[in-house]
Amino acid sequence: MMPRLIDYAEAGPEVRAVYDAIKAARGVPDVNNFWKALAVDPPTLRRTWESLSQVMAPGALDARTKEMLYLAVSMAAGCAYCTASHGAAARRAGMDEAMFGELLAVVGMAAETNRLAEALRVPVDPAFET
Amino acid sequence: MMPRLIDYAEAGPEVRAVYDAIKAARGVPDVNNFWKALAVDPPTLRRTWESLSQVMAPGALDARTKEMLYLAVSMAAGCAYCTASHGAAARRAGMDEAMFGELLAVVGMAAETNRLAEALRVPVDPAFET
Amino acid sequence: MMPRLIDYAEAGPEVRAVYDAIKAARGVPDVNNFWKALAVDPPTLRRTWESLSQVMAPGALDARTKEMLYLAVSMAAGCAYCTASHGAAARRAGMDEAMFGELLAVVGMAAETNRLAEALRVPVDPAFET
Amino acid sequence: MMPRLIDYAEAGPEVRAVYDAIKAARGVPDVNNFWKALAVDPPTLRRTWESLSQVMAPGALDARTKEMLYLAVSMAAGCAYCTASHGAAARRAGMDEAMFGELLAVVGMAAETNRLAEALRVPVDPAFET
Amino acid sequence: MMPRLIDYAEAGPEVRAVYDAIKAARGVPDVNNFWKALAVDPPTLRRTWESLSQVMAPGALDARTKEMLYLAVSMAAGCAYCTASHGAAARRAGMDEAMFGELLAVVGMAAETNRLAEALRVPVDPAFET
Amino acid sequence: MMPRLIDYAEAGPEVRAVYDAIKAARGVPDVNNFWKALAVDPPTLRRTWESLSQVMAPGALDARTKEMLYLAVSMAAGCAYCTASHGAAARRAGMDEAMFGELLAVVGMAAETNRLAEALRVPVDPAFET
């Protein structure tokens, strides 16, 4: 299967409604390729957009911290598209070069110690469980 | 191989020196199981501690944000020990229940969209590359 | 190392025998790149083809269900080549656009709840063990 | 952090409403540990239940196929809790021992060829892209 | 589903034949739990044993190197059972404590640089492709 | 974010010092893209180079075995860049085609049995723990 991207012009009303909501919420003239690809299944498109809107709304954590967490998880998962898109989003939300460098260092260090802890099958300390 | 934990009493001088450094830096009476397991290879123990100290020192990002990034990556990697230990560390650094709930939501949402983007082999938008 | 693909013309007899078996079984004029790459190690080529033939033969599950399971696992593993090749195979075996959309939704949802269950270190319910 | 499970008796009204919906939809007297763990963040609990209900409702694919896809992805992700819970759900939806054996074989085989395709960086065949 | 282990006494003839082959090849009085679990699907049990025998036979690489590679991959995959069983096998094949320490260091370091290379989406150097 | 590569000419003194150390240690006229990408965060660049030098120095294991372990882990992690770069390094350290074929077979087989062991949640044999 070739990656298929559905543009606004060829989209049906259910897909257009989601595209309109994304464009309005973000103040952008067009949606990203992720949404155009997800439009192959309109219910998944709509549900993903609604969930993402709720999850990424500022709350106890500010938008920049949320985007940096999203970027770190995407890096750990090795998703190139997600790393590019959430890297751009985190920068728009205020992540500067120094913050990015430290985020990168944490992601790398965590990957190493995650593997070491699993490789050695380290038992959880009782102190962590209180 | 059974997980082997090396206590201070049975450790050689190279291992004890690292244990002493950890206890001093953290103001704790004993080191966690992770370090006791890593002590099977003293050079890895020392190098890991030195790297971790540098990476986790507050800089452009504060300690709480760094610990939350570490926790999110550990959750994404499915490392139970790391999730427990960095969950405890993030709480000590100020993560409250509401922040933890939002971090959890971001980790789950990112896991879903990471898979969707890869499943659909979405091409990177040119706008992300500038 | 550059990805090296071994064509029929340059292949030795052990590799040609496997290529012939694949072409006969599938009724195709040439084998896919996966097999041409695997031919760098003829025993692995042969063993993989024989195992795959056995595993994918219709049995308690029909060919379409097996190909959809293969596709879902490949998506979860983030393997772009496998997602493309098993996406094509699943469509040939009868997966239509609506089925693909629902498969995509399950893969995404499972990725999210897999991470949430591990992040929260949820203990297995006794009821699942009977 | 110890895994914390929130029982109905100690739950607030938002959590109870979701628990009631799950119990009604499934005809069970209590919810599984997954939901009790997710209740630490009520919005994530509610959103996950609503999404799961939509995704797992029979449509172009029947309930058994959907549960088997969910199980296969959970196995591929190495999530022990999810493997146990969706294994039980797939059996309730009609997966018998022979089907499970074949699903297991596909998951194992896919894991192997996913790695081989990535290890050899196999280029996608043009034929897959049409 | 509870992990089900099939002992020799309750096994059918196809399973017993594989158990006998494993016991003869390894000179052990009983098979490991992995084989007892895999016996839920006799064709998968047989195919896995036959493949493993071929793959792990000494060839261009000696048995110790093969077991250390198997262990390193199992650690990287976070498989606790595999880490325990191939850790034991690698020790039987001659891996001593110093070798294990260096293997552990490589696994941890590779995990870190794997993530960093993917996080930064580093383009492959032309020099690697010749 | 576009992958950014920092050449010697535009690098500051801290980065140049690391580049000089890499070039001297390896006897090469320029560093690989990995280092040029990592230079976005000079402390991570320096720390990664120093750690890698220590980890990969011959010790109880020779250079070829260490590079093959690194390659196997990188393949298992699905890191294309790392597979290309450590494939080239392992060949320089003496891995020939036959060794590569056997390494590939082990990586594939381990991926399969890792998943099967986790899918079946196999309990660790007491014999492995002594």
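All chains are identified by letter, namely A, B, C, D, E and F, in their written order; residue positions are counted from 1 within each chain.
As a working rule, a residue touches a chain if its C-beta (ideal position, glycine included) is under 8 Å from a C-beta of that chain, and two chains touch if they have at least 3 such contacts.
As the structure is a computational prediction, the values presented were derived from the model and not from experiment.
Under the touch definition stated at the top, subunit A and subunit F share these contacting partners: B, C, D, E. When the contact pairs of A-C are matched by residue number against E-F, A-F or B-C, more than half turn up again in A-F.
In this structure subunit B contacts its sequence twin subunit C using mostly the same residue numbers, the overlap exceeding half. Least-squares overlay of CA atoms from subunit D onto subunit E yields a rotation of 120° to the nearest 5.
The chain pair with the larger count of C-beta pairs in contact, out of B-F and B-D, is B-D.
Distances between chain centres, each the mean of the C-alpha atoms, put F farthest from subunit D. Taking the mean of the C-alpha atoms as each chain's centre, subunit A and subunit B sit 20 Å apart. If you average the CA atoms of subunit B and of subunit E, the two centres end up 27 Å from each other.
The distance from the centre of subunit D to the centre of subunit F, each centre being the mean of the chain's C-alpha atoms, comes to 34 Å. Residue positions of subunit D with contacts to 2 or more other chains are 1, 40, 43-44, 47-48, 51, 55, 75-80, 83-84, 87-88, 101-102, 104-105, 107-109, 111-114, 116, 118, 120-121, 128-129. The touch graph of the protein chains shown is complete. Listed in rising order, the residues of subunit D touching subunit B in the complex are 1, 40-44, 47-48, 77-79.
Of all the residues in subunit E, the ones that touch subunit B in their complex are 78, 83-84, 87-88, 91, 97, 100-102, 104-105, 108.
Chain contact summary for the complex, subunit D toward subunit F: residues 75-76, 78, 80, 83-84, 104, 107-109, 111-116, 118-121.
Interface residues of subunit E, counted against subunit F in their complex, comprise 3, 5, 32-34, 37-38, 40, 44, 48, 51-52, 55-56, 59-61, 65-66, 68-70, 72-77, 79-82, 84-88, 96, 98-99, 101-103, 105-107, 109-114, 116-118, 120-125, 127-129. Put simply, subunit B touches subunit F in their complex at residues 1-2, 43, 47, 51, 54-55, 128-130.
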